[in-house]
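Chain lettering (A, B, C and D) follows the sequence in which the chains are written, and residue indices restart at 1 in each chain.
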Amino acid sequence: MESIVRKGIAFDRELLKKFDSLNKKKGYKNRSEAIRDLIRKEFVTEETTDPEKRMMATLTMVYDHHKHDVQHNLTHMQHHHSDLIRSTLHVHIDHDNCMEVLILEGKVKDIVHFSDSMLAEKGVKHGKLVMTSG
Amino acid sequence: MESIVRKGIAFDRELLKKFDSLNKKKGYKNRSEAIRDLIRKEFVTEETTDPEKRMMATLTMVYDHHKHDVQHNLTHMQHHHSDLIRSTLHVHIDHDNCMEVLILEGKVKDIVHFSDSMLAEKGVKHGKLVMTSG
Amino acid sequence: MESIVRKGIAFDRELLKKFDSLNKKKGYKNRSEAIRDLIRKEFVTEETTDPEKRMMATLTMVYDHHKHDVQHNLTHMQHHHSDLIRSTLHVHIDHDNCMEVLILEGKVKDIVHFSDSMLAEKGVKHGKLVMTSG
Amino acid sequence: MESIVRKGIAFDRELLKKFDSLNKKKGYKNRSEAIRDLIRKEFVTEETTDPEKRMMATLTMVYDHHKHDVQHNLTHMQHHHSDLIRSTLHVHIDHDNCMEVLILEGKVKDIVHFSDSMLAEKGVKHGKLVMTSG
């Protein structure tokens, strides 16, 4: 189990007041939790600049399943990188559009390269990669 | 079926050369496709500034399932916003950490508010919201 | 003079260790200062979503001064929005390219609109807006 | 003088219509210019991932000149990196706050490192780095 330490942090009174009210608006019940979240966000940003770092990621894509062989091609490419893919979730948005969310795990450089090639595929209309870590 | 139009676009020769080589690196087989993707990315950025716009989204979260009642609380909150949630995907990262990916659909303002409150929950270590549209 | 308050914040021991080492790498001499900076960054992000909020901003642009009437047009547009512009800094990058940095002050919506129209001008090759506040 | 080439680009009719109307709103008079700007923005994003690439940058900082020796320290640090700094612009925001904008030129890694250390300085309340190229 993780051990907890308590440290005194100095705030300008006005900054603290504004921070507490932002946290309330966002739904935080606890100031320490809000600060830890800001710190973790900073780490994730930092980690994604290291191409060798192992991370988790989600790749969200929207594509038109009527178009070309997009579904076939995407499946084909996923099988060639099955070591990177933990699972895939598929949602039917409307008559034309599908959303596919891939859960990826691997080195930053491999995740970025695979994600680029998926988004470059004809028929994929929009997509975005989010990296995170445990 | 969508109709296609072809338009003449003027490029500086050097810019075009660099663009073609970036596209090749990213895996694009087709210059028009790369340009359409840049345009669509611009639209999604634009749309997310309108709080009333209906969009799709994925919320990626990492949390420590040992901590507090995080799993219970997250499930509870999801049931209170079941109108926003299309589906939920769960991945066990390691001994402590879980990744949960929610597929959301609704107005930008409701998606942002719900996402803020999930990420503010104690035990949720990191998360990010991606909005997209068909 | 601003008054300072000191608050106890709970950290996981491991998170604190990683945070201290990141801060050292970035040049922080003081943990409280690093936390206050994370909080202020969060506020600036928050404030820029309010179109009526008054803010400061810098608009960085690169343009080719040989092209068209770009310099003339940019100057003309700046004079039509002289109420937004505090000052302008000009740097000659190389034979062709100039960098111009505008210091802006005004409502978020006016800053964004003016910035869009400057970046849309023919000959302006790249640019980016940064908003900040006191 | 740069030579211009004209290439046929295929668009879905609906996408083109939305793109033209966004461009009009932003102030573009010309579709090709809007596309070239999207492409150049993509390059700048790409270039900043290469630590050895030489770029131009602006660092925007807000600080409280009453606090500590912030002004003295910032000047001191700037003199130690005078090879990176092309010029510095200073604006008095209000009674307490100053804005300082530094024009930087150098390798991506040196710009990032210098910028981190400036923003880490006690008294600097907020800041942001923008990289660009000619």
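Everything below uses one rule, namely that a contact is a pair of C-beta atoms (placed from the backbone, for glycine too) under 8 Å apart; a residue touches a chain by one contact, two chains touch by 3 or more.
None of the values given here were measured: they were computed from a predicted structure.
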Shared touching chains for chain C and chain D? none
Starting at chain B, find the fewest moves between touching chains needed to arrive at chain C. 2
Just give me the whole-number Å value for how far the CA centre of chain B lies from that of chain D. 25
In whole angstrom, how far does the Cα centroid of chain A sit from the Cα centroid of chain B? 8
For chain C, give me the residues that contact two or more of the other chains. 36, 40
Examine which chains touch each other and state the graph shape they make (line, ring, star, complete, other). ring
Taking the top-of-page definition of touch, could you list the pairs of chains it picks out? A-B, A-C, B-D, C-D
Using the touch definition from the top, list the residues of chain A that touch chain C in their complex. 2-16, 18-19, 22, 31-32, 35-36, 38-40, 42-43, 46
Please give the residue numbers of chain D that touch chain C in the complex, ascending. 1, 23, 25-30, 33-34, 36-37, 40-41, 44, 56, 58, 60, 62, 66, 86-87, 89, 91, 93-94, 96-97, 99, 101, 103, 116-117, 119-122, 124-128, 130, 132-134
